[in-house]
Structures are given as C-alpha cells and as structure tokens.
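As written, the chains take the letters A, B, C and D, and residue 1 is the first residue of each chain.
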Amino acid sequence: MALHEYRRYGRQMVLDGIGLSGQLKLKKSSVLVVGAGGLGCPAIQYLAAAGVGTLGIVDHDVVELSNLQRQILHSDTTIGLPKAESAKAASERLQPMIKVVSHACSLNAANARAILSKYDIILDCTDNLPTRYLLSDTAVLVGKPLVSGAALKFDGQLCVYNLGNTGPCYRCIFPKPPKRDGEGTCEEVGVLGVVTGVIGTLQAMEAIKIITGLRDEQPSLLIFSALSSPSFRTMKLRSRRPDCPGCGGDPSTRDRFVNEQDYVSFCGGEAPNLEETGKV
Amino acid sequence: MALHEYRRYGRQMVLDGIGLSGQLKLKKSSVLVVGAGGLGCPAIQYLAAAGVGTLGIVDHDVVELSNLQRQILHSDTTIGLPKAESAKAASERLQPMIKVVSHACSLNAANARAILSKYDIILDCTDNLPTRYLLSDTAVLVGKPLVSGAALKFDGQLCVYNLGNTGPCYRCIFPKPPKRDGEGTCEEVGVLGVVTGVIGTLQAMEAIKIITGLRDEQPSLLIFSALSSPSFRTMKLRSRRPDCPGCGGDPSTRDRFVNEQDYVSFCGGEAPNLEETGKV
Amino acid sequence: MTPPTPPENTSSKTLNLKLEFGGGMELLFSNKRSHRVSIPAHVPAPPPPTASASPATDRPDTPRPSDVNYLIHWMKENILTERVELFMEGDTVRPGILVMINDVDWELEGEGEYVLKDGDEVVFISTLHGG
Amino acid sequence: MTPPTPPENTSSKTLNLKLEFGGGMELLFSNKRSHRVSIPAHVPAPPPPTASASPATDRPDTPRPSDVNYLIHWMKENILTERVELFMEGDTVRPGILVMINDVDWELEGEGEYVLKDGDEVVFISTLHGG
C-alpha cells in the first residue's frame, strides 16, 4: 500500500480488528449496491470512503427532484441523469482511488446471475418486493451474502441473508409474499430521509464487517423506528430452512428456479397505482 | 411554499406528523452544527436535504487527507480549506435553497453565547471534552436543546441535553470530567467511518423530531457498538439535577459561570500527545 | 362482614402482555405502537355445541393454557380496529408479518403453539420493501 | 448412601449477573464486552479486626445483601485485568463512567446501594468525547 493510502485510511487502520490486513481486504473486495436511492446513496458513500476497492451500482431510474430530500449523492444538477451514473460521479469525487462500475439497467432474472457473480457482497437497497426475492435467489445461486435494507415512513429494517453455511435466505424468513394491498413504496407513502440514511449506513457497516471478518454469523433482524423508544430492537432469527425453495434442497435445481420464476406475478402482479385506487 | 418545494419535500410532507406544517417548521428553523468532522458531515447532509432553513457550521480546522475516510462532505479537492467552508459548499451543492452560514473559528467562552443564541437547536459534533462542557453550559444559558453525538473506535453515543423544562444538561450526567488518561481522540486512536455516519445521521433525526414536535422529552442515552449484538441499547437517564452547577440554581449566576470557567483546565489541561507518551 | 375469598379458579386468571407493533401494523391497532393487554390465562370454553354438531366431540373439558394462536384470535376480537385481512389469513397472521416473542422469531419458539407466560412481550412487524 | 442436603445458608448463595462493557471499558476486563459472573448473594464477613482496631465496632453480624458497591469491589478483585485507576476513584467508579442497571441510570436506582437481584444486568459505559 502506498504512503498516501496509509494517510487516508490511518484512522481505521489503527483499529484492533482492521489494521493493514483489514484495509487490504477492503481494497481487494467488491460490493454490488442494487439501488442508488435512499438506502444506496449513504451505503455507497461510506463504502467508498472506507476504501472498498470495487463498487458496482445498479439502478435503472433517473434522478428526480423528489429524490433529493433523501438521496444525498444526487443533486439538482444531476436531475434527469441515470441514478447509477450520478452516484458513480459523486462517489468518484469523494474517493478517486477506487473503481466504480455503473449498471444503468434494471435487474431481472435474465441478467441477475451474471451481474451478481462479479462481486463479493450484494447490498439490497431496492424498493420493491419482486426484486428482493430475485436478489435473494440469485445471491444463493452465486453463494454471496446479501445485506438487505428497507425503509418506509418512519421505520427501517436491516438483515443479512445467506451468510455462511447456515444463514437464512429471504425465502426462509418470508416463504410467501403478502398480497398487494398493505403497503406502498417510498414514492407513494413517503419516508423520512434520515431513516434511509441510518439503514443505508448500517448496510455499509455490515458489508465492512463481513469483509474484515468482524461479523458473527448469528442471524438477526434489526428493527428501527424514528418514533419509538427504544428506536432500535434486535430480533433473533431462525437459521436456514431445510425445505426452503430458495436455499434448501438440491443446488442443481436452483438455477432453473431463478430463470423460470416470474417474480412480479409471484408477488401479486404489477403494483397498483395507489393514487388512482384512492389509497393515498 | 412554492410548487418546486412541494415536489422536493413531497416524500416527507406526505408523512403523518410532518405535513405542510412540519415542513414549514423545518424551513423556519435554524440549527447550529458545531464540528464539521465525522459526526457533523452526515448531520449537515441530512438536515440540509430535509429543508432546515438555516444551517450554521462551526469548525476551526482545515480538511486533511486523513479526514476523508469518514468526513464525507470533504474531498481531495478541498484539502487545506477550512472545514466550515468545505462543508458549506458541499451542503449548498446538495441543497441550493437553504441558507448556510460558516463560522470558521474555534468556539470559546468569549464567543459561544453570541453564536449559539442565533440558532434554535445546537448539535454537538465536537471531538473534545472542554468544548462539550462549554456547549452544554452555553446551551443552558441560551435555553436551547443540545443534540450531542460522540464516536470513537467502534462505539458511538447519542443524547439530547437540556430538552424542555426537565431535561438534564451534560453536567447533570457528568458532574466531574475524568482525568486525562483514559481516552484519545478519533485522530489518535481511530474510528470507523460508519460509526460517525450512524451517530451523525441520528443527530439530524433528533433535531428534525424536536423541530416538528415528534420528540418526547424522556431523557435517554443511545449506545451503539459496531461489534456488539445487539448493536444498539437505549438507557433511561435521570432528569435535571436541582443542584447542578450547569443548569440548577439561580439563572442569573450562569452567565458568570460560563465566562469564568476555564474549560481546558477543568478537563485536566491540554491534551497530551498520545504518540509521544507511547500510548498509541 | 368480609366476603369469603372466591375459590382458586385457574381459568379466571389473566396474563399481562406487552404487544408492540411496527412497520405499519400499528395502523391496524388504533395507530398505537405499544399496547399493554390482559388476556385470559386459559382459552375460554368453546360455545356449547349446536344441535347439528356431533355430541361425540373429543374436545377436552380441561382448560387449555393460552397460546399465541389464541392471542391472535383475541387481538382480532378485542383490539384490531382496521381491516382484518391485513392482519390475518386463515387462522394465523398473514404472510409478510413477523411475530417475535421476547425478541426471538416465533418459529424458534413453537409458533402459534407457544404457551404465553405473564409478562411476555410479543412484537408484530410488517416487513418493509421500500428503500 | 446419599449425602444429606446441606442446611440452607443464605450467605453461601450466589447471584448470577450479566455485566456489559462499552466505550473502551471492555479493555480493562480481558477485552470482553460481555461477562456472565456469579457473585456471593451476601457480602462476605469482613476480616477479623486487627489488634489496633476498636473492638466496639458497630459492624452488624447479620450478612448484608450484595449491592452495586460490593459488585464494583468484587469486579476489581476478580475480573479487572488492567489499570484500576481507569475503573475506580476512591470507593466507586471514576468520573466519566456511566453505570446502568437493567438499562436504567443507576442514579435512578439508588446508585451503589442498589441491592442486586439474580439475573440483573449491569452495564459500565465509558463516555466518549470523540467525533
């Protein structure tokens, strides 16, 4: 490592548990952030600042004015640009020494495996249920841990799936998707920016802990509410479910499963327009 | 409010508890962030994005390469500039609609009252104990809530002082400073960037809750450790101490107290150079 | 004259529970995130069989201690204020709701058959998909 | 032959406690953040008075239940591995250390005089000043 890298990362290299070997692990590692919105922006920011060597950013949306209240890598000057490009430019400004790859496309059953297989760790910073199932199934397929964040209104949730040999996948915890009537998206029912900020930053933390070997493998779900006291609760989760259609059974059938699964219809079809149905 | 403001803040204005009235409260409010380092940067970022009308930034340091691992408003191109100026430029890029005032000076007993009295809420994002006592005493003097964050190594802490009529001040909880031998600063013993990110973002959240009336007045201390499970704990704290030298007794003597107090010597004198004493 | 103490009757006792809601579940329960409730310690006797029901039922006469399945039923009857279809599907909670008993996933505690104890805390969290 | 059950002796019982350390305190205790310890339920009898001590001491003969003051003393003797001056000042914890009993500031619980119960959790947190 070069002297300027020692200077840049000195404040974390001095930590017990990081050191030179931890910093080198970060430098050699690659993290894919799926979604460059409210969760993805702070996650990308802190992964870049910490010196993760390669960052991939997947997002098919373009920046809109209504994003700026929480998506802190975008700005008025990048409105209309693809979020993946806007986030790449912002993270390169923050950290010129790392490699940032933008994937300005939507993730689907046809391309997910090829994209995810290039990275060591996957961050689920998406805003919809079909992509959450697709990411979980594909992370199992390529054998990568999935750091999953979610946020809505004043609430947030954080969980690491498919970690180690016994960590549950998303389907182990949620075998059946709910019917499409309970919940909207952040764009529909709103979200407080700091909630996505806290959860996205914690997603970066989990990735850094996994890379440096500081994360134990106990499955747990962190639940956050800006309005509750205490604001944070940690729940102990089950381990892998032997009969899980996502991660149990015969590995050779899993690829077929991902290709054939119609994620949108599995999750109840296209999202209804809540404004039209009068729910917002 | 203008149409473009409805568009920009729509995702939080739709929330129960924010709405148009909450957004107008944010717009009319002013928050002083003392310290534009690891805690101050994410706090400024989310306060600006949420539409807090006036932000003050106090910092007398200049940006150094070793800051960039966690101080995500600064970058290689602002190395050598005052942090207050660098943070002001970054927050104006993120949010051109608010007023940002930089105070590129160090806060001391002579200027603290004049600066703090201009703002509604004070964020303690500093890195040293004398300034923490000075901020608490002055926040009591001017009657403003103090949202205090701290971080070191893998640990962080968050507390709101001087809130409402019964909230404790920093001296109520810590009447005596520790002797100068237990702890170094982030620059000396290191800190993980995501730890300052989580605590600084939560400081912004507390300020937003206070401004919009969503914060109850129960005094509590949030304790975070990136390495513990659970990572977060909330501790119930005592309320105001009637015999507290900071907030108890006769309000007319408090001004004298702040002016006469020698904060550095109260906290055990100048910080020793830990590298020279062989502790790092 | 002091009235005599009523005889001990286990089925009349109650359990005090703390219920917490999150992720939007609170909207179905008076928009309150935290509820303290008292429920019967034993599942009340079923209503007497109707004429059409077989008298040779094997339903036990001894009272059964209250479990989480009964709690869910009790919540529906007593504190649910909005759309039952967002809380239940069939006899249990609907998909996408996590139930936690004293901070542990109920799947590790026997799910609905977990027998409740006085002072237990049960959390109902709707999973979020937004970001 | 089964040995006879020893007579009930309250002073020989122990309390099981969970101790948690944070903010750097863990460095003084084997660098472990979480400890499970068993301490005597009652403060052991003091050592016999030396010749120079007054025999007319009013120290009670009945055993006193263990409180947090005794716990701090016990920790110093049994699990503290580094520099006592970073843990104690005089007979109590040094300034800048917060003590929390079951997630409540010990000042609300009687400070050192809080009588410990089996299963209590006591947290020692060093306040941080960095940022």
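By definition in this document, contacts are C-beta pairs under 8 Å (C-beta built on N, C-alpha and C of every residue); 3 or more make two chains touch, one makes a residue touch a chain.
Since this is a predicted model, take the numbers as computed values, not measurements.
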{"item": "Least step count from chain A to chain D, where 1 means the two chains touch", "value": "2"}
{"item": "Farthest-lying chain, centroid of Cα atoms versus that of chain B", "value": "C"}
{"item": "Centroid spacing, where centroids are CA-atom means, of chain A and chain B in whole angstrom", "value": "29"}
{"item": "Averaged-CA centre spacing for the pair chain D and chain B, given as whole angstrom", "value": "35"}
{"item": "Euclidean distance of C-alpha centroids - chain C vs chain D, Å", "value": "41"}
{"item": "Interface hub residues of chain A, defined as touching at least two other chains", "value": "153, 186, 189, 191, 227, 233-234"}
{"item": "Arrangement of touching chains [line / ring / star / complete / other]", "value": "line"}
{"item": "All touching chain pairs, where touch follows the definition stated at the start", "value": "A-B, A-C, B-D"}
{"item": "Residues of chain A touching chain C in the complex", "value": "35, 37-40, 124-129, 132, 149-153, 155-157, 173-179, 181-186, 189, 191, 196, 221, 223, 225, 227-228, 233-238"}
{"item": "Of chain C, residues touching chain A in the complex", "value": "22-24, 33-34, 85-86, 94-98, 100, 103-105, 107-108, 123, 125-131"}
{"item": "Chain B residues touching chain A - in the complex, by the definition given at the top", "value": "4, 7-18, 42, 45-46, 49-51, 65-66, 68-70, 72, 75-77, 93-96, 153-154, 186-187, 189-195, 197-198, 201-202, 204-205, 208-209, 214, 216, 218, 220, 222, 226-227, 229-234, 280"}
